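Multiple structures follow.
Same chain, two partners: chain A is paired with chain B first, then with chain C.
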Partner chain A sequence: MNDADKFIIRKAVLELAKTGTPRFTSIDDDVRNLPNVNSKVINLWDYVTAIGAQLSRPPYDPYRETISLDISIGRKTSRKVTLNIPLIIYGNIAIHYSSLESVHLALNQLAEKGNVLGLISAIEINSTRDNKRKYPLFKKVPSSNNDSLEQDYKKSYPEGLVLEYTDETSLKMLQNFRKEFDGPILVDVSEVFPLYIKTILEEGADGIIIDTNKVTKNEIYQGKHAIAVISDARKAINDYYKGREENDDDNAILVIAGDVNSAGKIVKAAALGANVVGYSTSMLIAHSNMYSEKPSDVSSIADNVYRHMLGTKGEIKGIPAALGYSDFHNISPSDLRTSSIDASLQGNIPLEGIDRTYKDMIEEVLNEYVSEKGIKLDSSETQQVLRSIVRE
Partner chain B sequence: MPYSKDILELKRHLLRAAESSNSYFDLTKLIVDVRKVNDSEIPYSGLGARSPNDYFPSIKIIGSKLRTTEKDYTHYNNIDTTFTLGGRYSTNIITSDVPFFVSGMSYGSLKLPAKIALHLALNRLAKEGIKIIMNTGEGGALPWELYGSEESWSDVSEKRHENILSYAERLLKEHHLDSIDRDSLFCRLYPLITQYASGRFWKDPSYLLNADGIEIKIGQGAKIGHGGLLPGPKVTDLVAENRGIPSYKAAHSPSRHLDILGPEDLVAKILELREITDWRTPIIVKVGCSRVYDDIEIILKSYADAASIDGFVGGTGAAPWELRDIIGINTIPSLKPAREAIENYYSTDNRDDDEFRLIIHGSVWDSERIAKCIALGANGVGIGTGFLLSMGCTLVQDCYTNACPAGLTGSYEKLDIQTSVNGIVNYVKGTLLELNNIAGSIGRKSIHDLRREDLVAIDELTSMICGLPLVNGQTFKDSVKEMIKTVIDKRSELV
Partner chain C sequence: MCGICAVMMENRNKDFPIGCLLYKMMESQQIRAQDSTGVAIFNNNGSNKEFYRIDYFRKNNGKYNQVTKKVPPERLDKTLYELTLDPNIVIASCAKEMNLLKDIGLVRDLDAKYKIRSLQGTHGIGHLRIATSSRVTPDNAHPFSTIVMPDIAVVHNGEITNYSKLRSSLELQGYRLFTRCDSEVIAVFIADQLLRHGDLEKANYEFIKKADGPFTYIVSTPDSLALVRDKFGARKGIFGYNPGNRNYPSFWAMATDLSALDSVGATFYVETPQPGKPKIFYNKIMMESIPT
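After this line comes the complex of A and B, so read on.
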């Protein structure tokens, strides 16, 4: 129900309640006739839902049962970092140092209560003895840096590194860092996606970071949504592991940042294949203090970030439980449904009610047609026709 | 909701930060984040989810009219609109004069005056010859609902009788409703369905024995897989007493019945209820719409008389905001798999068609939507928000708080019971007239004679999901085949 729909619905029922006599037009007539109904700004996330557990699969109870959100970052040969909430605070937001300090304090408070989540940051936070860092830091390495780790990055003892992949020189950096650093190295490929994933993973990266906001501005993904980016990124990682099934304990993770800033989107991104979400809202909350006429102190803002994260954690636990999972990471693409052809095509998501993707439906009709007409199409021709029909 | 100054300030600052960073994509949800900042709790919301596509406007009933002429409200007054429930396994059958009924809305979620308005309106309609079913919701029934007839008191001890009347008096006094005529209040002329939910918020067997029907609620559309929820501030002493729970503590009913984990448990539960009610009472099983085919298949094989399915856009008094908006599927797409499950069940082993009923809820507010649901295979339709709207609901969706601009789910002093009764009565009568006109104008003698063939879809997706032809008469398959032909022909030309 958007505001225009609400107005129509209320007007229609009130008319009946007032007169008790039939109307000339129905709610649907009026909704259809709304001006600019097709020009509404739409976000495909809104057209995607998850199917809940009822009789055919019992739900879990997040208030009375344990729902695991834990995720381990680090491939077979790397030192592992475990998060209790599958979020790493990360965002391309220029924030004041004091805001970062608030995030730091909040993450410490959270970690003390067993809610460990990570932070990606290029800036050092001066830890005193009292507020020594208790959460994993993923130190962001500038892409221009070609030096050894010795000079800088060992000083802060980060649990992980984040390398921004811009061109082939980044590969050299990755190779160097891999030799020197035994913790997880995550590579942000937003500038070059969908290229280099296989190479990056072959060189020992422990995970890929993708900012959907950046990628959808690239030429290849212009007009596409985060759904398509996540879906393609997961496929690229799965393709890398094809034929390497003997290494089933070797899991490179996918970190998705960008347009994933609510519990619902976090769950949908996870279902599409994200293992961890790069979450910017905590930074935004800390940063919002700068817009206050009477800015609060660092610790009050830290409390804000802390409380917000507890609420978010509650939401993230509740949704998988309602889908019938005791582990957040068991959510899969098969749990999603969509009410949009576009979302079905971009994310390979089944349509609601028919449980099949739009492409599958078209393919079925195509097969029926060629069989009826006795037309022979090889697989590449079939794909070509399919692409023309679905306008891919 | 009347948010505090602090919350509004936080929202303003966050909005400015979001706009300057260009990294926040859904500004309508800023308030969700601000509320988490404020209290670290999961934010709740009321009524139904925001669905950008609920399909209803994309379906047309060919040639139907809501109103026949300017002067005559109806030409078609002999249309059969009755809806029966039960008889598949139950010995009793509930008959309603309309194919829609009042969905479950509990006392607690709704304030007492709104519940009384519904009760009195349904009584008035029954006196005027329009019997309509009411569902209690999961929060227990009110004394006059359970003891609204002479015979309902027959097995009640004197002491119990006194307790019931004393509770009723306290309810009325607390809500400044002393002036209500007790005789007209303690009279129920409409069929009552009581809800048997995972929280078991009822105190004695009369809740089951005095009901005309029982609905086992596995879930509801607005919070599929979550369980019922009444926020602490709404659990007043009197609400708590009715439910048998502590006051002012949030009532979270379990996400699942602790004794119904699978199909066999459902059968056992229904048989237990059948024994208790001596096989008299119709039993419905309600689920939220998700894996509709599988769930309906299970319900069909249990000893239920009906299945009730609730689209994720269905309303609620309170649900976690994010969970409400992302779990489940829309109402319309649920009807096809539900109907397929029923048809496959009866075609297997040539089972005789019996009195199994399919009821649908979620985003159904007016006659045309009711008619569309029936044409797509529903036998009956549950309406909640429509009834609230007829009492003045403003759709602000703050039903989880004690503040309601219309006095329905909070601020109960604002509600004028008599005006609300009139609104409900008119809403039902107007909707009934429109249903007569819809069926009559396309030549049907019964509302249940509406068929898929009476509908067309105005877009490809709706055509595909509902299995309806498009406005030009083509099916989804036809139009795709035409496109394929064009593509293949072009390819041949190139070759």
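After this line comes the complex of A and C, so read on.
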């Protein structure tokens, strides 16, 4: 127990002894009002750490050091893919073959040590007998291809497929592939988001991929932050499951790609609803090579990528551990705190220091007003008024 | 630092004032928490076949009035629906065999208000709360119940850290939660599971699988009690047996602290449930569960 905890307990006991009446605030409120905690609140992540260090959370419990990062991909497919790190390297076809080869070597090295992460790639990697692929490959199918899976895609025996959704022909491709392929199929909807999510999931896609960089360039999302995109994508998947009694293990996953290339951003994306993060290949190579003094040959890049990914794995465990989770995927928007009303509205994130979203606060004020004035509003009317106030 | 406790009389004995036992156990653990108190006592003597009892709090300018409404089965759904439309109403319980009483203050205050020591029943649970996340108000006091199905009550010590995620998945299924307290999700989750398969043990295993954080809780149904610890066993929870004598019947007791078992003489076969393995007490099989 640290000094702040002792202070709070002492304060609570003294208050009770002095007044004979119980407290009306909770310990969380007390912690947030402590001057030494508040003075340290500089940004979102410091605040998350401050929350993680309070009395009711258990970071000092050594058991909590165990953080599971595992994620299973595949809904009703007979072959599911399990990743030990919730990352898929999203292969960029523009990068040089040698870069892809070094990623291949690094992913193999990682998989050998029990750190399985995936790769999305359209390019074939020539696995030698000594260096056979040990990680799951998600083969990216060109959107123009309308043929059967025969020959072309079965050749590399991918564990999963990635399909880019552009128009109605993509839907036909998805239907065909679903009939023939028993592994997970992920659909990249960046071009058409927020449309077609329900249809795609109904046709049996195991997850959707969204590149926030691409989506924020769409007309609907112009001027909006990636937070809004991730939040809306999660909402779209949740809406599909609304009222259904599906087992959680059968849920479609959300893969967020784009501008997510650091541990902090990965945790933020996960908190906002991403199950897996698509880590850009070119960024990975750039990150890994940044501090290298060696010439960039395949094995030295592979070594850097290997160490970079292990470092990232350690980093993304830190915040869930501080928040008292034993599973990385349990982080949720309410674990983030923001000082921006806009972010609170876009991602349904609680505002700093009060543990409530901006929408919650407006709703409370509205309810009080309605009750005070004796106005009769049913819940749908209340939601309508609320939406017009917060301009959703 | 909350304190929880429970008592289950053997052989469906329903004439003993178990409120008295709960009071003693709660008083001995009062040092753990002083914000609010509550009990849920079950008396399945079959006398009430006609009415459901809905207990709710009506918020008015920061004040909470507790209201009890008795409704016949045919009007239950409609009444619950109407109550849920009012944003100032927090439904505490919907019950046929359960008497759920809770308020802010110490256990002696609750007894002064509701005479809990005189309440008879087959089994019951009690709770002492120190507020860690939501405010100290009567509706945030334990035990928590749900309108998903009647006669479910939960007392909880610890924290469900992925509360927010569990809550949204329950809300997606259309369930209504009335408070911002993490303990309420346990009641709704277990009720949802019981509706699916009716197996209390399976329901608790499912919760342990889905929930994160350090917790111990006791869930009560009309004929059973379950003492559950998280998979790491990060919070305490023990149970013991009192064989009874000519003056009082035998019973099982559960609590956070050993002092609570001592206070009611439940010092035989004292054990702690294995982390992640629910310990279920059924009325009908209790004799079989006693080691000979």
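The rule is simple: the second predicted complex is superposed on the first by the 281 of 392 C-alpha atoms of A that agree within 3 Å, B and C clash if a C-alpha of one lies under 4 Å from a C-alpha of the other, contacts with A are read in each partner's own complex, and residues count from 1 in each chain.
Here is the rule we go by: a contact is a pair of C-beta atoms (placed from the backbone, for glycine too) under 8 Å apart; a residue touches a chain by one contact, two chains touch by 3 or more.
All figures in this text were calculated on a predicted structure; none of them were measured in a lab.
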Practice prompt. Would you sort A:Val267 into first (chain B), second (chain C), both or neither based on which partner it touches?
Written response: first
Practice prompt. Look at A:Ile125 in the shared chain and tell me whether it touches chain B only, chain C only, both, or neither; answer first, second, both or neither.
Written response: neither
Practice prompt. Please work out whether A:Asn238 is in contact with chain B alone, chain C alone, both, or neither, and reply first, second, both or neither.
Written response: second
Worksheet item: For A:Leu171, is the partner it touches chain B (first), chain C (second), both, or none of the two (neither)?
Response: neither
Worksheet entry | Partner chain in contact with A:Ala111 - chain B first, chain C second, else both or neither | neither
Worksheet entry | Most chain A residues touched (candidates chain B, chain C) | B
Discussion item. Quick check on the superposed pair: does A:Gly324 touch chain B, chain C, both, or neither? Answer first, second, both or neither.
Written reply: both
Worksheet item: Which parts of chain A are touched by chain B and by chain C alike?
Response: 12-13, 16, 22-29, 55-58, 61, 63-64, 323-324
Worksheet, complete the sentence: chain A residues touching chain B in their complex are 1-2, 6, 9-10, 12-14, 16-29, 31-32, 40, 42-43, 46-64, 91-94, 213, 258-259, 261-264, 267-268, 280-281, 284-285, 287-292, 304-308, 310-312, 314-315, 318-319, 321-324, 337, 339-341, 351-355, 358, 361-362, 365-366, 368-369, 375, 381, 384-385, 388-389
Worksheet entry | Footprint of chain A on chain B - complex, ascending | 9-10, 12-14, 16-18, 21, 23-26, 29, 32-33, 35-43, 47-48, 50-53, 55-57, 59, 66-67, 73-74, 218-219, 223-227, 252, 254-256, 260-263, 266, 285, 287-288, 290-292, 294-295, 298-299, 312-313, 320, 322-323, 325-330, 332-337, 365-369, 386, 389-395, 422-427, 429-431, 433-434, 437, 458, 460-461, 464-466, 476-477, 480-481, 483-485, 487-488, 491
Worksheet, complete the sentence: Residue set of chain C touching chain A in the complex reads 34-36, 85, 87-88, 104-106, 130-137, 159, 161-162, 164-165, 168-169, 172-174, 196, 210, 212-214, 231-232, 234
Response to the item:
Residue positions on chain A within touch of chain C in the complex are 12-13, 16, 22-29, 55-58, 61, 63-64, 238, 241-243, 245, 248, 323-327, 330, 332-335, 367, 370-371, 378-379, 382
